[in-house]
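See below for the structure under consideration.
Order of writing sets the chain letters: A, B, C and D. Residues in each chain are counted from 1.
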Amino acid sequence: MFDAIIRNGRLVTAAEILPSGLDLGIKGEKIAYIGIPLPDTEGTLIIDAEGAYVTPGGIDSHVHIDQGNHPTADKWEHATRSAIAGGNTTVLAFSQQKRSETSLYTSLGQYHAKATGKSHCDYGFHLILTNPTEQILTKELPAFVEQEGITSVKLYMTYDPLKLNDGELLDVMMTTRGLGITTMVHAENHDMVSMIIKRLEAKGHGNPYYHSVARPQLVENEATYRIISLAELTDTPILIVHMSSETAVKHVHEAQTRLFPVHAETCPHYLFLRSDSLAKPDFEGAKYVCSPPLRHQQTELDAMWRAITNGTFTTFSSDHCPDKYDHPCGKKKGLNAEGKSDFKLIPNGLPGIETRLPLLFDESGEEPHHKLTLSRFVQLTSTNPAKLYGLADRKGSLSPGLDADIVIWYPPGHAFTQDSNQLTIRNSMLHHHCDYTPFEGFTVSNWPRKVLLRGKVVWDRDNGGILTQQGYGQFLKRGRSSIVTGRPGLVPQGMLSDEASLWRDA
Amino acid sequence: MFDAIIRNGRLVTAAEILPSGLDLGIKGEKIAYIGIPLPDTEGTLIIDAEGAYVTPGGIDSHVHIDQGNHPTADKWEHATRSAIAGGNTTVLAFSQQKRSETSLYTSLGQYHAKATGKSHCDYGFHLILTNPTEQILTKELPAFVEQEGITSVKLYMTYDPLKLNDGELLDVMMTTRGLGITTMVHAENHDMVSMIIKRLEAKGHGNPYYHSVARPQLVENEATYRIISLAELTDTPILIVHMSSETAVKHVHEAQTRLFPVHAETCPHYLFLRSDSLAKPDFEGAKYVCSPPLRHQQTELDAMWRAITNGTFTTFSSDHCPDKYDHPCGKKKGLNAEGKSDFKLIPNGLPGIETRLPLLFDESGEEPHHKLTLSRFVQLTSTNPAKLYGLADRKGSLSPGLDADIVIWYPPGHAFTQDSNQLTIRNSMLHHHCDYTPFEGFTVSNWPRKVLLRGKVVWDRDNGGILTQQGYGQFLKRGRSSIVTGRPGLVPQGMLSDEASLWRDA
Amino acid sequence: MFDAIIRNGRLVTAAEILPSGLDLGIKGEKIAYIGIPLPDTEGTLIIDAEGAYVTPGGIDSHVHIDQGNHPTADKWEHATRSAIAGGNTTVLAFSQQKRSETSLYTSLGQYHAKATGKSHCDYGFHLILTNPTEQILTKELPAFVEQEGITSVKLYMTYDPLKLNDGELLDVMMTTRGLGITTMVHAENHDMVSMIIKRLEAKGHGNPYYHSVARPQLVENEATYRIISLAELTDTPILIVHMSSETAVKHVHEAQTRLFPVHAETCPHYLFLRSDSLAKPDFEGAKYVCSPPLRHQQTELDAMWRAITNGTFTTFSSDHCPDKYDHPCGKKKGLNAEGKSDFKLIPNGLPGIETRLPLLFDESGEEPHHKLTLSRFVQLTSTNPAKLYGLADRKGSLSPGLDADIVIWYPPGHAFTQDSNQLTIRNSMLHHHCDYTPFEGFTVSNWPRKVLLRGKVVWDRDNGGILTQQGYGQFLKRGRSSIVTGRPGLVPQGMLSDEASLWRDA
Amino acid sequence: MFDAIIRNGRLVTAAEILPSGLDLGIKGEKIAYIGIPLPDTEGTLIIDAEGAYVTPGGIDSHVHIDQGNHPTADKWEHATRSAIAGGNTTVLAFSQQKRSETSLYTSLGQYHAKATGKSHCDYGFHLILTNPTEQILTKELPAFVEQEGITSVKLYMTYDPLKLNDGELLDVMMTTRGLGITTMVHAENHDMVSMIIKRLEAKGHGNPYYHSVARPQLVENEATYRIISLAELTDTPILIVHMSSETAVKHVHEAQTRLFPVHAETCPHYLFLRSDSLAKPDFEGAKYVCSPPLRHQQTELDAMWRAITNGTFTTFSSDHCPDKYDHPCGKKKGLNAEGKSDFKLIPNGLPGIETRLPLLFDESGEEPHHKLTLSRFVQLTSTNPAKLYGLADRKGSLSPGLDADIVIWYPPGHAFTQDSNQLTIRNSMLHHHCDYTPFEGFTVSNWPRKVLLRGKVVWDRDNGGILTQQGYGQFLKRGRSSIVTGRPGLVPQGMLSDEASLWRDA
C-alpha cells in the first residue's frame, strides 16, 4: 500500500518531537501518513531509522551557484550534490540582473540554463535587482509571480555593481508589498565602507584581515536601521540576510516586538568563526573573506546564538558562495604577482552548503547544554524557509501530503565514523568543488545518514553516498510567502492612522 | 482497523495547518494515524469534519474549582461540563494549602475527594503553597513529583491569607528549581494595594470600580520585576500568571530576550474587557471584580494582544473562578444590608472556562486582519500548557501516539446558530453553575462543534450537547515541564560565572 | 568707578539664581563685578531691575538672514532689530556655499557684505557646505578656524541643492573632527521625502497640509540614526538641528547616555505648534511650512518638552527663516495664477527671532507647574550656545569678565501691557520685516524690558524701544567649541579598541 | 572694604569656569564680591590663589559620625577635622532612631549632644526612621521641618534593625511628599541577602570576600526598581544612596528621562575599588566591607563613571563610616578567638571623608582625558547637595551673598609634596581616627591647599594644617529641597490622570 516506510525514528516537527515508535509512510513522492505501525505490504521499502531523529529535508534558502564573478568553484552539479550530502533537499539560488540589462528575463534565462538538468536537489531562484526599471516593476515582477513561480527578490545596499540607493529601494518595496514578493536585503552602508577602504589603502593596509576592519558593525547597524525605516514607511515585510551584529539584531527584535514584520537570517560563519581567521598568515586569511565580515569577539558570536534561540532569526542559511582559494580567478585575485595582497580584490564569500546542518545540529537537542531545541533546528533550517519563500504547500515539514523530503540522522551515540561518535570535518570529505572549507578541523557529533528527496533515497552515507543522477532535482514554482511575524499595516510613530493612504495604495 | 476516523478536516498543529484531505485515525483512546484516506473498515466511526479546522483539545491550565472561599458556583461536575462544552479536554485546578496546615496532603486529599468521580474532562492539580514548611519542601514536594504526578506549585505575592514574603518565595524556588517543578506566581505588590485600600476606605470609596483603582499597573509591574529578580538569583524558571500590564510584560520579554526562562500567561478578560465594566450601576460592577483588575484603556488591552502575537505569552488560560452574583456568599458579600458596597469584600474572580476558546478563536486565522495564526492559537491554548505542565507525552497535539483529545470547529461560514454564522454569547447557553458571564452579549464567529476526549465524543453541539457522564475524566499524573524559553544557568549581570555555585546547589 | 550698575535684580546663571540684593557692575563693555551693593560713584548709570529676573543676553544660534532663496522678508537690519527687541544680543547666521562654487570665500564675502554696518546685535556665521572640495576641506576650513574665527559648519541630508551624500558627510566629518569645528546637521532622509512627494503629486495633493504628510517622523528618525552612526564611525561631535520627533530624540539621548557627544537643538514651533495649522483654509497653511514639519499631535510636542527638561537638548534656537506670506516670491510661490497650490514650491521656514525667548520664558520658573527652571532657560538660550559655538570667553553668562550682554525682564506680576500682566503677541508689535508671525494671538506673561549689549542699553521697551543704530553689532571671531556632552574617543560596539587607528588619524 | 580677597584664582561654578584675573571678596562670613580686582584696602587679607582652581567648599552629605554600633573610630572632632582637611566645609550626618523609640527627639537629642561644641565644620542631621509611628509622621516630622530645620530622612530596605517593609516605606513617603522632606533610601533586598548568607554559612564560607557574594547586584537592582515604583505610586521625589550597579542606575536614568524625580548618589569606593580587595589575606579584606559591596569587575566601575559624567548621579558623597580595623569592637568583631572569620559580623562601612574630593578632583578637568569637567565636580560635591538638602541659600556655590566656604587647590603642576606633583595617600597623613584608609597607596595630583569656612581659613596645608578649634562648626537649620530632576505629578503608565486623587492628598 505504501512505497516506503521509515520506521522507528523520532520524528521532529517545528513544534515537537513525536512519540517514539511511529511509522512514516511514503507513497510516490509524498509523505502519505504518520502513525502507528501498519502491517507491511510486499514491495514496501522499510527503512529502519533505529531510534534516530528524523527531520524534514533542509532548505538552504540563500546560496550562490555559478554566479558571474565567482567562476572558479561550484557549478550546479557540485553545489547540489554537496547540498544533499549535507542534508538539503531544496536550495534557493540567485539570478542576478546586470546593471545594463533592462529585463530580468535576460539573466533568468541564463541561470535556468545553468541549472536545468544539473541539479541533484530541488531548486528555485531569487531575483537580484540591480536596475529596477519601470518595466520590470510594473510588468515583469507581476508576471514572475503569476507565471514563473518566482516570488522573491534580493536588494543590495552595498557593492558598487549591485547597490540600490534609498529611492530605488523604496520604489522596489512599493512594488513588492503589493505583489506579496519576499524582499531580501543585504544591509551594509556602502559609503562608510568606501571611506574606510580608501583610507586603509592610503596607509598601505592590504592584508585580508583589513577586510574585517573595513566593515565594522556600525556599517551593518546603520543599514539595518535604515532598511527597517524604509520598510515601515512603505509597510513592506522584509528579510535582512546574513546578520552578524548585536545592535543590528536588536533593531530587528524591536521591530518584531511591536509586530512590524521584519525577518532576519544568519549563517554558520557568524556563529562559529571569528576575525582572527582573517589574520592567518600567508594569505590564508583570504579563505575567510565574506561580507559582513567575521566579527572579532566571542561575545559578538554569543549575541547571534541568543538570537538563534530567542526567536529573532527566522532562517539560518549557508550563504554558500564558493571561490577556489588557490586559483588566480578565485581568492588569489587579491594577491598580485609580487605577493602583495589587496583585500578589496578578494572575492567575497565562503563555501558552506554541506556543513550548515551538521554544525547547527551539533548544538541542538533536548539537554540543558544544548543551545537550541530540535524543533527550533527544524524551524530555522526547513519549516521557516519553506513558509517564507512560498514553498509550504510542498516542503518544510514532516507532514502527510507534502513532499517526502526527509533527513535521517544517526542515532545518538552511534559510532558513525569508524570507531568514534565524533566526526572531524575535512574538505576532502565534502562534495563541493571548492578547494577548502572554512570549517576544516571542526568536529561534529552527527551527520545526515540518509536523505530522501520526493520519496527517493538520494544520499546514503553508509551505502554509496550520492545516489541521485544530476537532473533529478526539479525547478520549483513557488507561491507567496505564508509567514509573517506580526502584522503589516501598523502606523509608525507620529503618523496619523490614515496618513499613508494619501500616497500609498492599499 | 481504526475505531474512528476524522475525515475532511484541516488539522492544525502548533507549527502549521496540514494539507486538506487527510484522515485522522483513532484507535482506542489514542490518535493512531494522520495521513491519506484509508479504506473504511466496518465498525469504524467516520466523523466528517467538512473542511473545518480541527485542533487539539484545549487545556485550561488555570482554573479554580470549588475552592474554599468560592462556595456558591461551580462544583466539579459544573465546571468540567462547561469546560468540554467550550472545547477543553483537560483542566488544571488548584489544591490550596491552608496557612494552618503543615502538610500538603491534608488539602490535596480534600480536593481529590471533590473531583473524584465528578469530572467530565481529564484533570490535574497545582499546589498552592501558603506555608512552605521545611517538611513540605524537603520531603513532600519530592514525593509529589515522584509518586503523585503533581509537578507544579503556585505562589502568591498578595492576599493576606496566601501571600509569601520574599524569603519564603526564595526558599520555595530553591526547592522547585532542583525538582523541576513548574513555579507559578501571582505577582502583585501587597503593601501597595493595602495602602491604597486603607486610604480609599478612609474616604468612603466602596463601589466596585474602586477595586481597579486599588490595584494600578504599578502594583503588577513592581511585583513582576521582583519575582523575575528572585528567579534569576535562584536560577529558577517561573510562570507569571494572568498578566495585564504592558510594563510588566516588557520585563518578561526582556528576560526572555536574554534567554532567562520566564513564562507568562494572560486571560480572556485582559484582552476583551475594560474597567468601565466595574463602573456599571447597581452593584453590577461586582461581576467584573478580579485581580489584577480590568485595565482602563484600549491601548492597554492592545499591548496584551501584541504580547499574544509576538510570542511573549506562553499560555492563555481562563483563570475561571466563578462566584454567583446574586448570592449573599457570592459577589453580594460586598453589599451590606443597607445597600452600601465595600469592594474589598467582593470575592475576586470571573467565570470563563467555556468562553475562553471561542473568544480567542474569533481573532485567529490566516487573514491579515486576524490578530494571531491558528497555530499560535493551538500553542497558547493546548500545546504550550501541555509542555509547561508535564503533559506533553499525552496531551496538547494532534500527534499519533497521544490521547485523541480533539476539537472540531464549524466550517468557516457555517450558519451554526439557526440562520446566522455569528453567535451571541448568553449565560443561558453556558454549562457552568454561575448566574452570569462577563462576556454576555459578545458575538463570536465559531464554537466547538464536536469535542473528543480520549477518542470518545464528549460534546456534540448539534446532537445532544454533553455526552459524557460525570467521572469519565481522569486524574492525570504529570511529568516534569518540557518547555523552557531560553536556558537557565545564565549568570546575572555583575555576578562572576562561578559565584552562585558558592551557595546554590547544582 | 563703574559705568553702570544693575541693581535689585535676581541674577540667573546656568546653575542657579543668585541671592536677591546684589549689584551687577559694568565697566566699558564688560561685566565688572557681581556683589553686595557698592557705594555709588557719580556718573554711574543706575538701572533698577526692581526684583525682576536678569538673564544673560540671548544667543540665537540658528537664524537665516537674507539668504539667497528667501528674498522677500528680513534684511540684516530687520532681523537684528527684531532680535534685540526679543532679548537677543548675538545671532549666528549662515553663509551658504552654492554647489557651483569651489571656494567658501565667495559666499562668505557676500554674506559679510550684507551684514557689515547693518547689524543691531553681535553676529557670526556658520558655513553651509554644499560642495566640500578637497581644497575647502584641507586648506580653507583650517584657515577659517585660524584666521576668520568661523568655527562651525552646517550639513544637509536633504533638499536637492544642499544635500550631501553619506560619503561627503563622512569626508567633512573626518576634517571637522580634527579641527574642532562644530558640525551641525539637518537630518531628514531625502529619498523618503522625494518618493512621497512624487506620489502625492500623482494624486493631485498640493495643499500646504500635505507638506506635513510628505515628511513623517520616520524621515527624521532614520536620518538621525544614520548621522549618529556616521559620527560614531568618525568619532566626531555633532549637533542635530531643529529636532521634532520623539524617536529621533531617543537616539540622541541613548548616544549621550553612553557618552558619545551628540548635541540636539529644538525650536519654538516644535514646542508650540501642530500640523493643524497647515490645514488652515485659503492657503493660510503656507505660513506654517517648515522642515521638519509641524507634528500632528500634542503627545509629540510633549516629548519635545520632556527633552527640553531632561537635558537632552543642548540648545533652543528660533531657526528664524522668514518669507513674506503675501508676496509672489514669498510663501505665495506655492500658489499659481489659477489659485492651485503646490506645497513643494512654498519656501520652507518660519519667522521667530523675536518671539523665541518670551515663549520659552513663559514656561520657565521655580514653581511646580513650570516646565523648566530659569537656569535651564539660560542654559538653552545663552550659555550652551556660547559654549557650543566658541563664544564662551565673551558671551553667554552673567560673569565678570564677559561682555555685558544682559536682559532685564519685567518683575513678576508687573502689568506690562497697559493694564494686564499678559501680553498677546501680534505681528504688528514685532520688528522683523515679515508680514505674519506663526504665534499670532499667543499670550505670554513677560517680555524683555531692557536689553544691554556690551554695556549699552539697546532695547528699552518702556522708553524708546530700539535704541541702537544699525551697525552697532560686531562680527564675532569665534574660538573652538568648549562643550562636549560625554567624551569622544569611545569605541563603538564590536570594534576593537585600536581598530579605528588603522585608518583614522589621531 | 572687604575682610579678605582671594586673588588670582580660577573660580569654578556649577556652570562654568570664570575668566582669570577676578577677585573674590569676603566680608564677614559671606562672599561679598566677584569681579575685577579692586584696590587694596588696609586690613584686607589678600590670599593669592596663584592661578589655581577655586571651588565652593565641599558638602559631604552622607557621613556616619559616632553612630551607635560604630564605636571605635571617629568622634565628631575627628571626623570633622578630617572633613576640612579634605576640602569639606559642611557635613550631613545621621541621627538614628532605635526601633524601641517612639519619638525622634530621643535620638536627636543624643546626636546633638555628641556634635555640639565639637565640630570643625558646619553640619546638619538626617533622621533615620526605623519605627515610623503615627505620632512621628503626623506630629514630629512637620515640627522638624518647621522648627528644627531638619528636612531629610533616611530609610533602609535592608539590615534587620533598620529595615522598613514596603507598607512602612509607603506610609513614610505619603508624609514626606507633603512636607517636602528629602527622602533618602538604602536600596538592597533584605531577604535575598539573608537567604544567601544562610546558605554561605551552611557551607562554612566566612571570609570577608563572601560579603561581596552575599549581596550581588541583583539585590540592589531589585530594591532600586521597587523603591522607584513605590515613589511613583506616592508621587514622592527620592534619593537612592550609594549606588553601585549598572542596571540599578539604568532604572534611575529611565525614571529621570521621563521626568520622574529620582536622584542618585554614588561614593568613591564604587568608582575606585573592586571586590578583589575583599579577598586580601589575613582578614585584611575586612577593611573593605561595606554595603552595597565593592563590585567585581572594572566594567562595572566604568558604568558608575558613565553615570557620573552623563548626569545620572546628583550627588557624590563619602558614606564615611569608619571602624577601626585592629579593634575587637571594630572590624575584628568578625574574627573570633580561634581566628575564624565570620563576614556577617564585620561592621559595614569605610572611612573616606578626607579622600573624597581629592580622588574625584583627580579625574576632573578640561582635557579630553578627564572623565568629568570641573563644573560637574562642583555640582556633584557641593552645589547639588546644597540644593538637594535645603542649604542653597547659604552653601554650595561661589556666589556673592552665600557663606564664604571655599577651597583653594594647588595650581596645576605645583610640586605640592616636596618635590613631586603627585601625592601618595597614606593613612598617616589623614586626620580621622581610623587606623586605615581603603585608598592607601593611591596617588592623586592635587589636594585642597586652603579651605575657608564662613570667611575664615580653617585649613592651610602649607602653614599649620588644621587652624580651627573644635566647635567652630555650626549646626545648620535647613530649608526644603530646591532641586528636582524632572517634575513630580506625572501619571504612571496605566493610571488615569485623576485616579490618584481618589486616595492621595494633593
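By definition in this document, a contact is a pair of C-beta atoms (placed from the backbone, for glycine too) under 8 Å apart; a residue touches a chain by one contact, two chains touch by 3 or more.
Note that the coordinates shown come from a computational prediction; the quantities given were computed from them, not determined experimentally.
Novice: Count how many hops through touching chains it takes, at the least, to reach chain D starting from chain A.
Specialist: So the least number of steps between the two chains is 2.
Novice: Would you mind checking which chain's C-alpha centre is most distant from the centre of chain D?
Specialist: Relative to chain D, the chain whose C-alpha centre sits farthest away is A.
Novice: Need the CA-centroid distance for the pair chain C / chain D, whole Å please.
Specialist: Each chain's C-alpha centroid was found; their separation is 39 Å.
Novice: Could you please state the distance in Å, as a whole number, between where the Cα atoms of chain B are centred and where those of chain D are centred?
Specialist: Distance between chain centres: 50 Å.
Novice: Per the centroid of Cα atoms for each chain, what is the distance between chain B and chain C, given in Å?
Specialist: Centre separation, chain B to chain C: 58 Å.
Novice: If a residue has to touch 2 or more other chains to count, which residues of chain D qualify?
Specialist: none
Novice: Based on which chains are in contact, what kind of graph results: line, ring, star, complete or other?
Specialist: Drawn as a graph, the chains make one closed cycle, so a ring.
Novice: Quick one: which chain pairs are touching?
Specialist: Pairwise, the chains that meet the contact rule are A-B, A-C, B-D, C-D.
Novice: Could you list, by residue number, the parts of chain A that touch chain B in their complex?
Specialist: 13-16, 18-22, 25, 27, 31-36, 253, 256-259, 306, 309-311, 366, 368, 371, 375, 379, 383, 387, 392-393, 397, 399-402, 482, 485-489
Novice: Please name which positions on chain B make contact with chain D in the complex.
Specialist: Of all residues in chain B, those touching chain D are 165-167, 169-171, 174, 189-192, 194-196, 199-200, 203, 205, 210, 213, 216-219, 221-222, 225-226, 229-230, 232-233, 245-247, 295-297, 300, 492-496, 499, 502-504.
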